[in-house]
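Take a look at the structures listed below.
Two complexes come next, and they have one chain in common, chain A, joined by chain B in the first and chain C in the second.
Entry: the complex of A and B
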């Protein structure tokens, strides 16, 4: 785009145009219930849904106990299971009944104590049989861990009481850092902030820009002395504000509704959010340069930004357990870097060596996307 | 309307470039699409528009009017040639030129969720109008457009005419040197159209604004100082309206016969050799012939006696039809005969044969009454027209009549069926052609026809016969394999009509069938309607072209969801008769009705 020198509009005019565009955008946001809903209602609904509804923790998992030969040893072991807050023992007289219960999904695992349990156990050759329903792999792994934990504690107890054997030479003392109670909410909720800001930044921006094309208002805009840079900026500024508002709302809810710890600094959070928001806005604008109706723009924005943010950002699914091509792919997903920043800032504190590279990548992406959408928006209809 | 220009530059050569040139095009070509689908919107177009005055751009659909406007506004770049606007090359200095022009696109570029004042302020900001100048300028614009009482109203809640005026006001926030208006009056009621013209004319005279305006209404071309006529991307002619009229001087006549209705006479005249155009005009048929010798009564209407023929002064439209027929030559399809052999015209039904009975019909959307209690009846074999501006409630009424939209109140019987109770029963007996044609754009013409024939449950021999009928009667055989989305508007309209008539309905609803069509296509369309009515089919049709009302047996004028008048076109026309205006037009009557309506509010 060329701006000829003799008619170069004064900076004052430029400011006037920009102010006009921003004001217009605010008025439109304010009067359009759907953009208010996406910016404020959706974050609340998503947070409540994920904060309360979705939990990756296993609690009160029904465990079938089949004791072939009840004796004091099995009694104390069962007592340990009863006291576990993660497991809920259900007693069965034989394996056949227990298996039927598993088939009907009434129990998630079966623990069998054979009639030689006491004898074998005391000879330190003790084996117990654990059958786990592997349909839900995640729960299966957790249940296995819980059962082993309970069993280990019971064993230690017995040994201590009887002093029959010297204590084992090495004892594992485990501590969970950053999320001591292993509450999945603590890392889901910060990750959600990334999803919410993707929605506001990319989806909303792509749709409102497409709306200008759809309703033909862009045609009238383009015939005024306004430059496309101003038009784009006129979109970026209001939605930037809206995005920060959505973030503040989400962070406040995370902190005070869901009791997610916040160990980092506001500065780090703000820096990361600003950078990510710019990336999302850039993506939204870039989408709208090609998709010129709202429906297509919305679909593209969901597929290109929202879904990857959900699946490939490490928000729910651990990136390290993905096969390497997909792991490599996540490097170009902006939300992945933002989720890293968020989980750090919330749960670990300001770990700058970890934060800075992620912020650097986001800054680069913001530059690329915003630059590309400026380059791809000539002030012409054809 | 008197001309401001002494003599027009008829040569169209760009050589004589006066200093007072507002727009100059040299060998401009613009294409859309690539490869086989390339369409040349403009081809080697050279023209010059002087400063001052109002220059009109007319031409049939697809002539390149909008492309020309957009090129001049710097919204598009031409593929070849040079566009110079206000002495600056638009490809190089677009931003600078845009600071000196005002432009109103066809969809007027208003933000519907912003109020009138907010829209004005936005465009003032964008055009860099200093704040201290605004109150005065806004007041002047609001007073001129009559929008002052509605400053706080959202633009989306304005009527069609008011939206157009606001769009115009936004283009005029800063006095532009050049004002580009792309079909500013389409779909607007006739009074608003006159008001818009008054505003444009006032700016042209008081502020010396050069105006370039495209229009689909040929009577508006007559109000311009100069007219450019485009066809298929080329400049067909240019000159003052008077120059255009001279082209058909002495070849325009009107005829009538007490033996035939104007419609019957028109159908007969159109098929005669040497006849370029025949249109209805009150009780007469207006005829343009290629030479005066073809204007004899015995040539135009052989076997009809008595026939009155008298010469009349030409209008712009007559010249337009003449130039277009000369340009398109044999491409113009000959007169149409839709009537099937053997199908005799059903005797004009008795008054008791009412097929549509509407009583106090109402429809509400939110707190807005789109239709506020209307009553009328339509008889078998009648052509019933519903006239009104955009947003008057025509389409809503049609949708209720077709059982597509439940009414909020009132009773309605179509083909003897209560549409509120059993719409499905009536649907097999009605055909509906919606405004947007409802064709499958990615299917070919034949595939569309097959689909609709099966959707209406046609089978076997009858289906084959109807498909054959559609291809023949609507002259679609040559394009049977083409995707319907690729067809010109005129073909799409024919195809849509064929689809709506596939199952031989008793009643046909046609919603704005002629909107966006050029005069030639519109004439053909009405011939088809005529032929249908002759077969005893009842036709309901909406339009915003006033002169088309003449083609109806009876008509209703709809204003803001209410019927302002229901009668024959002749009686409605005569409502406006006065000593000063002994021969009023339908438009005069419409304007009187709107004035009365506005006074009531």
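Entry: the complex of A and C
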């Protein structure tokens, strides 16, 4: 290590060679424009599709109403259901038909108003039964909440007109911070940006090294005086540029197409994005250098990037709800840290106590992935 | 003919499994992912960290706080002294909920007969916030009932809407998610096996050799499709076993309907995979195609977020997604014990997708690349 190399290249030469490599890579990208499409077209298409398509806000939920004995009170209650933005009542003459409709997934819940349902009797009867389809547990919970909400409003209405019931002893006032209207899109869209950029990073780089190996062009590169580090750097630089462009496009869409509030600073956003891109590209390069054929590189890219980012990143499933071993495991998923950064920068602002650890982990991962790809690509043919 | 096709199948299996890396990729990750995702993917919220700011500090307010502490859903993480402490606790996600009881809490109740508490929630994950709000309201409702009983005003309590869930009485989201993961992993595995296979042979030039053999195009197709089908079937079986015996998801319906669903879904997934594969000239294009199908197929399948919540245009688009039907079949058979007749409307579209994609793949097989 300490012996001076007789022909140690000057820094000037190294820079020149790097420039040549970047140019080569850039020409390759330019002549097969699929990379450019991946970096710019893909985020736009996917974000539009998923931004609108992925939502946890149930609306127009079909609710079966079975009214045993229509009277003025059931009429006003049904009126409340008709006016609800979230529920779409469907009337059935008896329970059997309603239950069949539920089995055929035509309605998500059944509310039965028995023949003694009326204001006067409400005080004597303890419960009104709602049957929900529990297959989708989350939607079932949301629908229950909607029905109870409509019923409570109807009760308040009755109470105002008739002074029938006294108000409850303790009333709840709730305020939701960061997302006052509980719009699921506000937290899903920043998460989607992270998922989409994970994909883009992997797609851009997962096959570039394997391609050189498989086509034998790596041999041509090796006969030149460039070092392996320079080859890798020559590959990272142009793809990093492409990725950053795609990222800027996605963030702009989140802000202006999907109206997600942006409460943090550009600095935090930029720092997070740069770090995350380095990790994503580094991971792609690592896959592509360790798997010497494109077939396996492609398979590994599919397995280790998309599904973990989708399920373990906190994009949709809250990490705080996972059992602790899984929670610990999510620490090694790069997208998880980027989701934390994006959700905070968009919704809460620069909460540095949350941002800094995530950024630190991303920086560490970038070093590890890029370092490993360097170590794993020996400059010789076996 | 059968013999010839079998020879092809054997060749495909060799190409897939002879390489150690490639063998591991097909077998290892699905098993690991099934277990990890089965625990990770949940909408259930437990142990909600809650902070209490009790400015009233009377018997009544302490009683209310105690109910939150005693609830299995909540976990008290901090007692705050002043309103200024609310922001940092929520910002740093130390608490998801702050229960704020104001100074005049008890006084209002004794003078006006009704009083207020304030709940402040972390809305960064709006779904979690909604669930936490539901839990908290439940506790306060129960407390209200106790207060009324103490005052002997039971007669004036209005009836409550009480919900009972069919097919999943405790509303565990694991019962919903794990059958979904069965679908997710079968799709991924079949795509892995089929989507790059023709493109690889094209790139290596071995596909030309296949084309000069006396094989008919449909025989070639069969040779490419069967390995995917067999691997998919074996992995699906394994995953179903784990779902039933490890995760204890009830399998109410019949195995026959379940396997018919698996088979038809595999046909359609293989069709899509082979179509991508036969259209791609290079493996990179094949990989791109696989990703471009896989990602929307999973995200827009109803796996995590319901299709009913999508805007109508996107809902129409999901009609060409075989995953969408497969998930309904899986969940229907697992939880509801749905019969073939109830699920018929899910089978036909998948068969249609399989027919179209397999036909396209056969035609595109013969395409020369130069």
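Definition applied: the second predicted complex is superposed on the first by the 367 of 382 C-alpha atoms of A that agree within 3 Å, B and C clash if a C-alpha of one lies under 4 Å from a C-alpha of the other, contacts with A are read in each partner's own complex, and residues count from 1 in each chain.
Convention: a residue touches a chain if its C-beta (ideal position, glycine included) is under 8 Å from a C-beta of that chain, and two chains touch if they have at least 3 such contacts.
Bear in mind that the values here come from a model prediction, so they are computed numbers and not experimental data.
Student: First (chain B), second (chain C), both or neither: which does A:72 touch?
Tutor: Touch status of A:72: no partner.
Student: Just checking: does A:216 make contact with chain B only, chain C only, both, or neither of them? Give me first, second, both or neither.
Tutor: first
Student: May I ask you to decide whether A:16 touches chain B, chain C, both, or neither, giving the answer as first, second, both or neither?
Tutor: Once the two structures are laid over each other on A, A:16 reaches chain B alone.
Student: Looking at chain A, does chain B or chain C touch a larger number of its residues?
Tutor: C
Student: Contact-wise, after the overlay, does A:46 reach chain B, chain C, both or neither (first, second, both, neither)?
Tutor: A:46 contacts chain C only, not chain B.
Student: Based on the superposed arrangement, let me know which partner A:227 touches: chain B (first), chain C (second), both, or neither?
Tutor: first
Student: Between chain B and chain C, whom does A:24 touch in the aligned arrangement: first, second, both, or neither?
Tutor: After superposition on chain A, A:24 lies in contact with chain B alone.
Student: Does any part of chain A touch chain B in one structure and chain C in the other, and if so which residues?
Tutor: After superposing on chain A, no chain A residue contacts both chain B and chain C.
Student: Taking the complex as given, what residues does chain C use to touch chain A?
Tutor: It is residues 19, 21-22, 25-26, 29, 33, 36-37, 39-46, 64, 90-93, 96, 109, 113-131, 133-134, 136-137, 140-141, 143-144, 147-148, 153, 155-169, 171-173, 175-176, 184, 188, 191-192, 196, 200, 203, 283-288, 290-292, 294-296, 298-300, 304-306, 308-311, 313-314, 317, 328, 331-332, 335-336, 338, 342 of chain C that touch chain A.
Student: Name, in rising order, each residue of chain A that touches chain C in their complex.
Tutor: Residue positions touching the partner: 34, 38, 42, 46, 49-50, 52-61, 102-105, 109, 111, 122-123, 125-142, 144-145, 147-148, 151, 155, 164-180, 182-184, 186-187, 199, 203, 206-207, 211, 214, 291, 293-296, 298-304, 306-308, 310-312, 314, 316-318, 320-323, 325-326, 329-330, 343-344, 347-349, 351, 353-354.
Student: Over in the complex, which chain B residues touch chain A? Could you list them?
Tutor: Its residues touching chain A are 32, 70, 73-77, 92-96, 98-99, 101-114, 118, 121-128, 154, 167, 170-171, 180.
Student: Which part of chain A faces chain B closely enough to touch in the complex?
Tutor: It is residues 1-4, 6-7, 9, 13, 16-17, 19-21, 23-24, 27-28, 31-32, 215-217, 219-227, 379-382 of chain A that touch chain B.
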